[in-house]
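Each of the next two complexes has chain A plus one more chain, namely chain B in the first and chain C in the second.
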Partner chain A sequence: MKRFWAMVQNEVVKIVKKKRFYIVLLILAVLVPIFSYAQMKQSLERRESYGSDWRLEVQQAIIDNQNSLSSDRVPQEWKVYRQIYIQQMQYYLDHDVNPNEPGGVTFTREFIDNSATLFIPLMILTIASDLVSSERTTGTIKMLLTRPVRRWKVLLSKLTALLMFVSLIVASAYLICYLISGAFFGYSGWNIPIFTGFVLNGSDVDLTYVQATPQWQYLLMQAGLVWFVGVVVALLAFMVSVLVRSTAASIVVMMAALISGSILTNMASAWTSAKYLFMVNLGLTEYLAGNPAPIKGMTLGFSIGTLAVWAAVSVIISFGVFTKRDVLT
Partner chain B sequence: MQQTDGDSVLRVRGLNKRIGRKTIIHSISFDVRAGEIFGFLGPNGAGKTTTIRMLVGLIRPTSGSVEICGRDVQKQPEEALKYVGSIVENPEMYPFLTGWENLTHFARMQDGIDEKRIREVAELVHLGGRIHEKVRTYSLGMRQRLGIAQALLARPRLLILDEPTNGLDPKGIKEMRSFIRELAAGGLAVFVSSHLLSEIQLLCDRVAIIGGGKELAVGSVEELMGAGKGMVIWDAEPRTKALALLGRYADIAVIDAVGAAALEDAAAALLNERSIVTETPEERVAEVLDRMVREGIAVRGVHRVAPTLERLFLQMTEGEGIE
Partner chain C sequence: MNSWKWIWRVSAWLSAAASLLLIVGFVYGAGKLMFPKPNLAESEASSAAAPLTEREPSPEDGSYRIVAIGDSLAKGTGDTTGQGFARRAAAGLEEAGRKPVHFLNNLGINGMTTQELLDELKQPGVQYVLKEANVILLSIGANDLFQGGAALQTGADAPNTAALEQALPGTEERLGRALDELRKINPTAEIVYIGLYNPFGDIESLREEGDRGIVEWNAKAASLIVERDGMTLTPTFDLFQRDPGAYLSFDHFHPNSAGYERIARRIVQGME
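Right, the complex of A and B next:
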């Protein structure tokens, strides 16, 4: 056991020394201020047009969306989306809660919602995609596998280090986001009620399960889901990294999968069996926010289950291939 | 340390490897004993590296066994590999770590290697202060030495080196040889692969010669290579006359340009446009020289050079040549 943790330490040292994790932090530290600034501009503009009363703004949003419902040029799927949006806004209005109240915490919640399916997975790829393939590219795999340690232990130490970094990336995304956006909008907002539990019934929203959750609690649930998505993406990327020799190819394969996922999601697919693909199931936080599922029949439970199956299969393949394969080059 | 049957540290029996339908290694068997330097000689593409990879468990043999200190590499890899230090092909270390960090990395994978031992091997290979610099900045020779330090970390009983002098300068090659001899004198079994006959002659006690994935011979170096006819380069004028004279001896074979092209670099450097490359029995040289002088041929030089691996193969396979 001591040996195993020493090997995990090895992997952590290699990830840190390769400066992969710094890159992730750097990207976050550069992007978050940019988004924060954009957000600040937006709320300033709002204040100009609606004054200080947020109710006017929400009412205006409801009216705009209602108008577009009667237009023939708006596709049917969008109409469903907008109807749900109207009902949610109405609910906020009825309960006297400002859904757009600016603040560091709210910004963080929205930023993570938007980055859960693509941005955070990309950060994870920078580490996961070259974990095994880079050892093969540089030939160090020969040194690693000629030591008196069974191959599955070598792979497990890598996997353990990877999961540690997934957790670290998710945590630092939250932290950096909160710290930087707080400088723009203030650090308050932990207790703003967020409504969750909107159940969709066709084009109608069932409000019976809706409850107000303090924002901090919402953030915790969101973090759990984002972490889960991160782990699944990491495990898939890990498998690709075992199968593919070059790190570049390994990143490209995973990126193509992720991007195709967001394209498929936007197509609001009529192709229902696409729901078994892992890429369309990555938007777990959407369920939390009460947004409609990209494909009919998808629920939070379904998506978690599908992702879990994908993750389990990729772990099995990773270990199966890594322990059996001849190291020829 | 535990005793093994006899004193053979590495025991290879009937090693075969088939990839797809092609058999690339055909039943190779040999033993390497403690304190000896064992050469593994063959031209590039003969299957040396594939065999070495099977010795250290990187490739699973289709059949046959590799035992290190009595432990089967396939069945008990953790027990068997504990006794082996190896460099397969190039000494690849992590370029983004320092030499010291690399050694620490590999030390963590095994029991009983403390900091003192790391310092010991670092000193052994004379890396000095540069041990704390990034491997990215190392020359090939330094990498080679770091690779050896890594291989020696766990106090192995068998050291496997794949073409250890590749890419080293002449001074480095000499240093490497004496270093390997020192290690063997300390009781270590050393397995060295090479495609250079002279390398093996200078370094090894026993040798296995392979070609086309087959084992052609195993034996002591003198036995196998002493048997080969020595090569002599004649530098004489007029060339045609000398050539005619040499042709009169049945036991002297003149080697054409193609055969001469296979000469090792040190020998090839002696060649000029007059040179005649031959296979001449040692005891004939004085007689031929005498006759040349008497027939008025101006002899500028006579060099005995190491037979090329290719000639050795020709002799061994009786004209079949290398596949």
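Right, the complex of A and C next:
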């Protein structure tokens, strides 16, 4: 056991030494101020047209969406989204709660919501995608495997290190986002109520389960869901990294999958069996926010189950291939 | 070599703590979403009174605070700039320069009928906006009388005298209720009702029937307005009488930008 942790330590040090994690932190530290600044500009502009009263703004948003419902040019699926949006906004407004209360915590929540399916998985890929393939590109894999250690232990130590970094990436995304956006919007907002539990029946929103959740609790749940998505993406990328010889190819494969997922979800496809693909199920935080699922029949339980199956299969393949395969060159 | 030991220790502890927190969040979040509990207290409370309705309106600050409510005319459908008479009237008042002008909201919804207006007035958010205003521009009724301008485009259901006569009394009654409701929501605001013009003025075959109905409606609306305090009717009938083609938009129903501008000027004049 002690020997195993020494191997994990070795892997962690290798990841740190490759400076991939620093790059992730750096990307966040560069991007978050940019988005914060854009958001600040936007809210200043809004303030100009609506004064300081957010209620007028929300009411106008409701009316604008109602107007678009009567237009024949708006596709039916969008109408469903808008009907749901209207009812949720109405609920916030009736309860005199600002759905977009500015603040560092709210910004963090929205930033993570927007980056949960693509941006954070990409950050994870920077570490996951070359974990095994880089050993093969550089040829160090032979040294690794000539040690008197079982092959599955070598792979497991790499996997453990990877999962550690998934947690670190998700946690540091929150931390960096909060620290930087707080400088723009202030560090308050932990206790703002966020409504969760909008149950959707077609275009109708069932309000019986709606509860006011303090924002810190919302963030905790959101982080948990993002972490789960991150773990699944990491395991899949890990498998690809075992299967594919070159690091570049391994990154491209995973990126193509992720991007195709975001395209597929935007198509809100009539192709219902697409819901079994892992990449359309990455938007777990959407369920928390009460947004409709991209494909009919998808629920949180379904998505978690689908992702879990994909993850399990990829772990089995990773270990199966890695322990059996001949290492040449 | 020692520094690597430290890196390992720090990252191991941090990631252990982070993982624990994230797993707790995941289990808690997934559990809460998959097995939601009905919020009984909340559903009872919300049917009684929404917290928003208890909010006091902002104090009078000596400015025009304008809200438009009603149908597509209030919204400004047909105006290529999207301003409609509401924003144009606000701009006109601003130009006149007597008081500062704040345009709060345009609550106009395409195709709104008097019945829909009555429902809309029950919304706490709408009530809140109306309470904030001291000038309310109202345009309603055309959709009741003509069953929407859409009928014209399809050609299926051109207005006929019989249908119009039938729609009149009910619409009048509902307009009266809507005006009372508005007054109840905001006891002090100046309410400006925009009279109807004949939207079929540029279609020869429909012109006469339309004229007769509109005149009758405007007279009924005027008497409702006169009975109540702080309300005015801004006539628009004459604006579109001589050359309707010049002031109606492509759909032959809504005014175009120039048409809205003329209505807006009337509103400004009426408020001076």
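In this text, the second predicted complex is superposed on the first by the 329 of 329 C-alpha atoms of A that agree within 3 Å, B and C clash if a C-alpha of one lies under 4 Å from a C-alpha of the other, contacts with A are read in each partner's own complex, and residues count from 1 in each chain.
Simple rule for what comes next: a residue touches a chain if its C-beta (ideal position, glycine included) is under 8 Å from a C-beta of that chain, and two chains touch if they have at least 3 such contacts.
A quick note: this is a predicted structure, and the numbers were derived from the prediction, not measured.
Visitor: Give one word, clash or fit, describing how chain B and chain C relate on chain A after superposing.
Guide: With chain A aligned, chain B clears chain C, so fit.
Visitor: Could you look at A:Lys18 and tell me whether it touches chain B, chain C, both or neither (first, second, both, neither)?
Guide: first
Visitor: Which partner, chain B or chain C, touches the larger number of chain A residues?
Guide: C
Visitor: If we overlay the two complexes on their shared chain A, which of chain B and chain C does A:Arg147 touch? Say first, second, both or neither.
Guide: first
Visitor: Counting only touches as set out at the top, which of chain B and chain C does A:Val58 meet: first, second, both, neither?
Guide: A:Val58: touches chain C, not chain B.
Visitor: Should A:Ser70 be classified as contacting the first partner (chain B), the second (chain C), both, or neither?
Guide: second
Visitor: Which of the two partners, first being chain B and second being chain C, lies in contact with A:Gln9: first, second, both, or neither?
Guide: The answer is both, since A:Gln9 touches chain B and chain C.
Visitor: Applying the touch criterion given at the start, work out whether A:Val252 contacts chain B, chain C, both or neither, answering first, second, both or neither.
Guide: Touch status of A:Val252: no partner.
Visitor: With the two structures placed on a shared chain A, what shortest C-alpha distance in Å links chain B and chain C?
Guide: 7
Visitor: Which chain A residues lie in the overlap of the chain B contact set and the chain C contact set?
Guide: 9, 13
Visitor: Chain B touches which residues of chain A in the complex?
Guide: 3, 6-7, 9-10, 13-14, 17-19, 138-140, 142-150, 324, 326-328
Visitor: What part of chain B is in contact with chain A in the complex they form?
Guide: 53, 56-60, 77-82, 84, 86, 88-90, 92-97, 101, 105-106, 108-111, 150, 154
Visitor: Contact residues on chain C for chain A in the complex?
Guide: 4, 7-8, 11-12, 14-16, 18-19, 21-30, 32-34, 36-39, 42-43, 46, 50-52, 55, 58, 75, 102, 104-111, 123-126, 128-129, 132
Visitor: Going by the contact rule at the top, pick out the chain A residues touching chain C in the complex.
Guide: Listed in rising order, the residues are 9, 12-13, 16, 51, 53, 55-56, 58-60, 62-63, 66-67, 70-71, 90, 93-96, 163-165, 167-168, 170-171, 196-197, 199, 207-212, 220-225, 227-228, 287-288, 299-301, 304.
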